[in-house]
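Here come two complexes built around chain A, the first alongside chain B, the second alongside chain C.
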Partner chain A sequence: MKKVFINGLSAIGAQPVFEGFAPEKFVLNNEETAFCPVQPSYKEMIAPGAIRRMAKGVKMGIYTAHHALKEANNPVPDAIIVGTGIGCIEDSEKFLNAIIDNQEEFLTPTSFIQSTHNTVAGQIALEMGCKAYNFTYVNGIVSLETSIQDALLQLQFENKKSILVGGVDETAPTTVHIYKKVDRIKEYRDDEDFMHPTSKGTVYSEGAAFFVLETEKKENSYAELTAVYSSNALSKEAVEQFLEQHQLSFSDIDVLFTGNDGSTQNESAYLAFEAYFPESIRAMSKHLSGHYHTASGFALWSACHILKNQEIPAVYRRNQLQKSKLGTILIYNYDQGNHGLILLKAC
Partner chain B sequence: MAKVAVTGMGIISSIGKTIEETFHSLVTETHGISKTDFLDTKLKDSRLFGEIKLSNDQLAEVLGLPADHPYPRTALLGCYALREAVKNAGITDLNSCREGFINATSVGGMDTTEQYWTSYKESTEHLRFVMNHESGNITNIIADFIGLKGFTTTISTACSSAANAIMLGARMIEAGQVDRIFVGGTDALSKFTVNGFNTLMILTDGYNQPFDQNRKGLNLGEAAAYLVLESDALVKKHYRKVLAYITGFGNANDAYHQTASSETGEGNFLAMSKALEEAQISPEAIDYINAHGTATPNNDLSEGRSVLRVFSNNPPEISSTKPFTGHTLAAAGGIEAVFSILALQNQVIFPNLNFVTPMEDVAIRPETTLKKKDMKHVLSNSFGFGGNCSSLIISKAE
Partner chain C sequence: MSDLKEELKSKIISVLNLEDVTTADIADADPLFGDGLGLDSIDALELIVLLDKDYGIKLTDPKQGKAIFESINTMAEYITANRTK
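Entry: the complex of A and B
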């Protein structure tokens, strides 16, 4: 099977990650349960008028897609694949509020057009004039994972060479309000540590991360993206099988990166999964990025830097195990019945 | 060349709740466009829809769901159609092989979100529906309803979504990643989409007339349809009856405008060309084109031009079936794949209803009456917002 490498990447999130990997600048937000992203000015690449009009998700998507491609020396992608859990939800809210507040009168199409889930992928293609394969996956917590799965299918089986793949999700005010009512986002409590949650609801945020996956290994390759798995059910045997397919066992995983999201609702799934890997360094990133459907992009972005630097910053750690070499990272996410795995190797 | 077996199909749309009803409507020219009985919109007096004449309560009853179920209409339609597909394929051994479900939807749970939006903000009464707004949860509801465990995903590429679901399923079978996969899409009518399309001024005030010089836009519809795709090995092992084969697929982006197609239909051209290349057949081998044919001025012009380009000004018989069902958005590629298979099985071309005056700019003359023809290969087009263009080639079972 052909190997696939990550040759370019870029992210925007609740930490200043668009500037590069500088975990010493990360700030833990212990005051809020819905984090704001640290965004670039966008001026260098988007016209001022367009910045105002563009949906937040589109801006974050276009920016990170552009920078990921630039890092990979601007290949013409054979495909653009985007994952998003809830799409451009801010425009969905705007159009919905307009329909309800004005009893279906005086509507304009702008927010409707931007609200469709495939807006980000379409806008990236439009911006680049790229007529290649273009797909959008909208499948909860594994939206990015299935996007990568499609990219691997093309690179490993369909003779494609270079694919742009990414994940992006937004927040919006009413959605945050309603999510708090259904315990999707937790209410703030000053006695709670998000790394060891005691109440329902995640710490929430938004962000984007894009990656250039290629079959050619380059000097600046971050990591080998070995495999992805997603399913609506996951047993220990299935994880074992998945690892075996790539000649690995549980103990071969140097770093286990889990998507613990600050909610007691998902914590048991994560703790059960972690227990399969007693010999691994354990890491997490949602206390830094917040939870959103494609926050595994933030984790993948972090894991790539960790493999390249061969060093795991303390801010990510869940235990203090040491390894002489960081060879393999497994990223696990779970939410609303969906399980996703991303397997990476140092290269 | 791809050759992925279709071994079952299920469908619900405004022209039928079963394969038999659907086929009967198609051959008797019985369309499903009407005034709305269930969708509560101000546009109900000025627009016509392809609405399925079953209320959410009736659908829930047919599905055996409790009255306080948390399912949006999109999920109810999907559960109904996938159950039909499983039944139609005669599958009794679910989860006995590497299985998956690829669903497509553009609207997700918007129908309940818009209904309870104010209530969500102010009360606690309808909160059980909140999380089922998400398209991915619609897919898991449907997978859980039939008891499927395995790979599930959701595609949302506007009007090309279900065609892309079929394409991905075929590719995963080809690559040996799954043995059996359920593919297709579901979309319910919602005030959100109806008003969205209305602001774009592409809804007709009458009945849609694809490829007609005086076409005024589309009727929106709702539907769900799924195909069962199986690997060769599984087909042989279980002596499965094959209904048709997916032999070609192509996906491209028009990269021209967020909601409009380019004048030349470049993305459409690329999608059709890639599908022919994948199927390793020449354009002359296509016996019938089930067009996207939404009846908007823009689509039919660019689709017409791109068809003439692919077929060197000599296309085979072509028709759009949207006058029957309306444009069912993310489900369109699914229901039209079912129609294409019915066309191949019965060797008939379904008429393009409501066609009167040929377009002046493009020499496309759709079939207007039911026509018998020996057919091996059908091309089915689905083009959408975001520049998403997809074409499938469906071929007759030997």
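Entry: the complex of A and C
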């Protein structure tokens, strides 16, 4: 089985991450229940004729895909695989609202064309002129993990060398309104809601992260992407078995990166999982990125930089354990019965 | 007629999300498609909906569109002659 390396990456999110890894610039937002992304100027790389029709998610996806590929020296990808939880919801809302407002008449094409979940993957391919395998996974909280699983299988067992994989999700007003109504987004912020949540709902956000996965290790490789796993149930035995498949035990995990989302609805799953790893450094990311279906992309982007730099910035830390070397990071993400794991090794 | 032309320019900028374009940038006789404003076939569909929704004009023959949407002048003339609201 071939090894797979992360040779390029890029992200956009609630922190100024599109400029690179600069955690000293991160700002903790303890007031809002929904974070807005810090976005670059898209006009420099997307043609004006195309950009005027693009919703946020499409722009974030194209920008991060372009920069991840650039960092990996612009390989022609053998596949473009994108994960998204709710797809291009902004244009979906526009189209559905137009149906209501105009009493099912006067429906315009643009928002309909761009409202499908596979718009981002399609637009990336169009921008690049790439006719390779193009696929979008819509699988809730593990949409990115499922995309990575597909990429790993193709790289490890087929004759593929370079695959662009990423996750993107955007918000839209009606979606945020509905999520608040059903307690998916908090009504108000608690004092320490990511560490010890006291209310239902997450702090919501949006973002994109893309990665170039390749079978060749390069001088600028960030990490070895060893494995992913997703399931509707995750026992301690299942985690143990997953680690054993990669010749690891619980104590071999140097950093446990969890997606604690600040909701009492998901806290018990995170507490149970964290208890398996008493010897690991604990880190989290959603107090920085906010929660969205593919927020594990921000965690993966962060973990890659942490492995490469061999240092965990204080802003991510949940405990003060020290390790002489950071060799393995396990990213755990959970929401409403769905568990996702991403295993990384230093290279 | 000149009020209608200004109104059309504003609506086209808004409906087609023409960032960085102002009404002053669009001359009445400029071609809307091709070398002028650079609109394309998807924009043409948006303009057909605009005529129907805002002026009560239904274009049943798509071939008519080419002449009607040639410029702000031709659009304004056609709307003035055919509008039902």
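Quick note on the criterion: the second predicted complex is superposed on the first by the 340 of 347 C-alpha atoms of A that agree within 3 Å, B and C clash if a C-alpha of one lies under 4 Å from a C-alpha of the other, contacts with A are read in each partner's own complex, and residues count from 1 in each chain.
FYI, a contact is a pair of C-beta atoms (placed from the backbone, for glycine too) under 8 Å apart; a residue touches a chain by one contact, two chains touch by 3 or more.
Since this is a predicted model, take the numbers as computed values, not measurements.
Looking at the superposition, the partner that touches the larger set of chain A residues, chain B or chain C, turns out to be B. By the document's definition of touching, of the two partners only chain B reaches A:Phe135; chain C does not.
Touch criterion met: A:Leu153 reaches chain B, while chain C stays clear of it.
In the superposition on chain A, contact of A:Lys181 is made with chain B only, not with chain C. In the superposition on chain A, contact of A:Arg52 is made with chain C only, not with chain B. After overlaying the two complexes on the shared chain, residue contacts for A:Thr108 are found with chain B and with chain C alike. Within the superposed three-chain model, A:Ser263 lies out of touch with both chain B and chain C [touch as defined at top]. Across the two superposed structures, the residue set of chain A contacted by chain B and also by chain C is 105, 107-109, 113. By the touch rule above, chain C contacts chain A in their complex via residues 15-20, 38, 40, 42, 45-46, 49, 52-53. Chain contact summary for the complex, chain B toward chain A: residues 41-43, 105-106, 108, 110, 113-114, 117-118, 120-121, 124, 127, 130-131, 133-137, 139-140, 143-144, 148-158, 164, 168, 171-172, 174-175, 177, 191-192, 195-196, 198-200, 251-259, 266-267, 270, 384-388.
Here chain A touches chain C in the complex through residues 48-49, 51-53, 102, 105-110, 113, going by the rule given at the top.
Within the complex formed with chain B, the chain A residues making contact are 80, 85-87, 92, 95-97, 99-100, 103-105, 107-109, 112-113, 115-119, 121-123, 125-126, 128-143, 146, 149-150, 153, 156-158, 174, 177-179, 181-182, 184, 230-233, 293, 336-338.
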